[in-house]
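Inspection log for the structure reproduced underneath, given as structure tokens.
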């Protein structure tokens, strides 16, 4: 398990020393290792359930405690898949001639390490550190474009991320002051009554994380950053990075929300999510630039995630489970679909040499492959069967109906329709026939294959949702025999 | 009022000042400084509140140390970015440009 | 995996795999694509024939696995499924042949045939779906796979039609999803069953069930082109003729109608739906749509638009038959599902032939086309007469069964609607027929192409003739054992006498 | 199938004209397809002559399960149909030019197949099928000539025919439900037993009344018959209107008790048509239009007979042969008269006088001159009507019949006058003469030896 953190860190340092091309070869090797390790972890969890593990034998609070369960291992696998795809794509996509591109690989690996740290972290402070690692790496990646606009977006991103982190840290401080521990599990045990200070702490943490997740109306930083970054970077950011802070928020809520939260809080977070769905989709529909469309679509899709809060608050256990499964599927399918979409959008932009949507006219004639990937990913975003997005939406629908919160049904359905509106806008633009001349640049096939694979995964997720969810629900059992888990 | 609480309140006050600066100031460097101010406030709260077992608690000290390292890294990154930004555009704030056309020159 | 589980999957996969292969093939390899298309269509026909034979002898073809907690993906072939599957398998073959000829030398054929196969795969899935969830899955897949076909031409008009099409169908899909999800929350995973699921349902649930029923029908009604959600259909006419043929005869509108049949019979159960008082309004709506479509059709000058409004009218026959609450009416509705498909596809093939061979799109340009293209015009005439309900053509059989069914259940006004609709059909079809045969050619055809010995390309020439032969035979030999009528009777016997 | 003619003959009598369009549609086969026209009804004629005993044929695979049969009533209609179509076909060989010949052949064959088939059909669905086939195909004959007149006539024809078809279909649907059977033979009982009997009867009277030219449903007739090519007018007026009559006979509750008032109504309508048509007919300027009105007039008389049969269930067995006889007589005579319009006056004076005698013959037959078919028919009709109980206007009946005869005379005279004025000198192909002559021969001579006539006379 430690390998999951150390491999990326080691490769980050290694690739720091190399230029882009060598870094690429080294990193590909690292990806293979990382994927294998992730699979091994999955195998271990499947064999004997989840477990805790103290890094280097140092126990918390001073050591770094790790904890793996079905959910964590699902996200580890997801990260491996998406990051590998983005890494492969970036290897072909990025322009090796520009000197600063060599920093891509270290940043990429730091990001990966941070992500795994979040999935596996067991105490609040380590989560903070991992979050910061992710943020800094992500900001670096955004700034990799080198232009003023990219720097501007990166700075805005950085400020937002830092503010969010500090708000979170302040919450952590308050919790530590009250309980004297950083372990979520221990806090959960000690927490008996609802104190105002604790509520403030929870609110602070949630607000900080919401800022980092770009929940409406704190989403202002996301579209510029995701829109301007290079496509593989955007894919990473949209697919994985925002999910990390959400993951923490969700874990906080699921552990503490039932005692510290209130219906009012849950509903207003849900309402913000709903507003994000509607507003994000609407803005996505209005954007003139292709990648901005996809970026605003992220804002909308992230909105869905926050429906977790109302749908798990004060409802029956099975309903809560439905909602959790739904949200998890949404995270996974959005990660896959959005990564596919960004990569495909990158290919399209390469081909048409313009970022504008209306420059797509005629593309469907000559570049159906990338367009097809884009469309398949769109299917998942729209929540149409058999995609993972549909499976998620279905579960959320069931949860809303079963919990009697029927108003979310409207949000879910409306969101699908709006998603269809912006996805089909792209399609419409590309189907326009303008003459027979093929003056498009045709990217190499490997570039086209990667988004296609991701999109197919997102699409097929719905068909295999049951096995995926069964990984998710693997039981957690604390095993003393930690040495065996050293992977 | 115990000293611990005093620390904590001071920390909160620092946070407030920093936050106000962060939101109100336009100059990028000043915002960065405001951020550092918030950071200090948070660390103060962390150290201050965790005194309840009588003596100083080693854990928050360690945490704050880590936090400071992270903050330094972030500040350094921000400074680099701001500097580069200034070189490229000659600006020291976001305001001068119209908001929302971040779609600029990516891909 | 046993053969009974394998066959439905194979039926689905033939066209799915064909789609994949076609997408992968380069644009220029026309021969291979034609071969793949035809082989897949023939193979599917064989599989469907096998399954039909099996279902006739009571073999249960089914396959299912769990997709989501509490929801399974289920394919099952019952008699009703085979009715629709048979229709799409047979007409797919002819439409493919026709499309090959129609799109000769046009761009984007790889994309076209890929989505075309995908569309048929979805239709097959809709036919074989074993529960509401699976049905919805393929229903939406159909929406998506037909969009590129509708906008195939890539003109501004086509794109506008495509946007309209997708807005309507996705909107309908959303309503349908809501209904299905609600129903699922209420009653769990509902496999289609001949007698429905709510025979002895708690009276307290009746209000909710009524609401869900309305949602389901509204969602399905969009594709079935029911008033007032029919607006996409006439616009979708900008698509190439084989697509219109497929849309109108087999895939889209039929999917909606088929779904309504499924909901009424296999989910709610006809008795229960009747008890809820839901069938009466449905019958009224269907009757109104029948008349409305016909009246609107009369005012259309564009041939394909006229045919489109005719479809709106004709598809509601199926729904009317279902809503009549009687075995004979149901037989009529189900048979119409098939017969209307055959007739409408013939009409669209012919319209396509006129457009492709003579460059004629409007009714008033058709003067004298009968002399130039006698075979096509004969096919058109027979199909039009069939639509009017002239015996012994296919349309008569359904009209007769519907009329008898309506009378048997004491719904006399439905007969009046049927007769009125026949008159209206005559009013908009016969002038075309008249122009074809009895008007002299006014001006040279705008875009005439010569094809040698036949009046048009052989790919375009034979499909309408074969479907015409079919539409004569299904009427003339309606009483024989494997005719659509007998098959519908078999379905109804199994549905009403479990 | 006991004692019935071979199956192949039955099949041939329908299929030959039905498949003839395939031959006719072939380009370049003009002379062959034209020459085949008179041969089309031959198997049917043979069938009618050979079927000395009634037969029934079950065709369970056809449509919804079909039954065909030939009894005495149908046999006389079949004879009429086959004879008239045959002679008209022969006439057509010499009449038709090359223009639209293929189209004419197609519709001719289809109408003939429908006309023959509806006579043989014994179940609702196949009867309706053949009836519709005839109706729709005859449209092609009506508008064949083209031009505004023909188009207008065609439109009126098709609209009224469609209305009739719909009325018929509604009636059949109701009857099939209430009778519980698809057999025509069981309709009457079903209608009589049903509470909706009145509705069905109305629908059938209207539905077939369109074809039979009942007053107020007759508008298409004076328009359509004259504009059609002459041989087509002959079959329209001679044979196809009789299909409406046959429809009445097969569908109305004839032989059931309790339909007096309906019968009386039909009788009144018939007389009204018979006399009213004469008024309109004599003011026409086209001999064919006069003939069309005459057809309405004569069909009115037949409606009177149907009404009588409806009124007096006891007399049905006596009335049916009379109706059949009347139909046969009128069909052949009217056919001759129509065909005569297309003739020319030959050169020799003797020949001319001879021609005029011959031309007058069918007209005189219609009037009821002795030794003609008309005399027999009229006498039979009078005899049948006079014995009826409770005829409305019983006292006026002789007067009405006299008036009807007078109306016929007026129309025939008008026709003769117009013909006298319009016939021109010239030459026409021999087959035209032959066709007309054959029709005349059938009407005047063969008529007496026809099996059905012989049957009536022996009574």
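Residue numbering begins at 1 within each chain, and the chains themselves are lettered A, B, C and D in the order written.
Here is the rule we use: a contact is a pair of C-beta atoms (placed from the backbone, for glycine too) under 8 Å apart; a residue touches a chain by one contact, two chains touch by 3 or more.
Keep in mind the model is a prediction, meaning the values are calculated, not measured.
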item	value
Central subunit by CA centre of mass proxy	C
Rounded Å distance between chain A and chain B, as computed from the means of their C-alpha atoms	25
Intercentroid distance (Cα basis), chain D paired with chain A, Å	85
Centre-to-centre distance between chain D and chain B (centres being mean Cα positions), rounded to whole Å	106
Interchain centroid distance [CA atoms averaged], chain B/chain C, Å	65
Interchain contacts (touch definition) - all pairs	A-B, A-C, C-D
Complex contact set, residues of chain C against chain A	23, 65-71, 73, 107-108, 110-111, 136-138, 140-141, 143-144, 147-148, 151, 153-156, 158-159, 162-163, 166, 170-171, 173-174, 177-178, 181-182, 184-185
List of chain C residues in touch with chain D within their complex	374, 385, 389-392, 396-397, 399-400, 403-404, 407-408, 415-416, 419, 422-423, 426, 430, 434, 437-438, 440, 475-480, 485
Chain C partner contacts - residues on chain D that touch it in the complex	25, 60-65, 103, 125-126, 128-129, 132-133, 136, 140, 143, 146, 151, 154, 158, 162-163, 166, 169-170, 173-174, 176-177
Touching residues on chain A, where the partner in the complex is chain C	322, 325, 364-365, 368, 372, 375, 379, 382, 384-386, 390-391, 393-395, 397-398, 401-402, 409, 413, 416-417, 420, 424, 427-428, 431-433, 436, 462-466, 469
List of chain B residues in touch with chain A within their complex	8, 15, 22, 28, 31, 35, 38-39, 41-42, 45-46, 48-50, 52-53, 57-60, 62-63, 66-67, 70, 73-74, 77-78, 81-82, 84-85, 88-89, 94, 97, 100-107
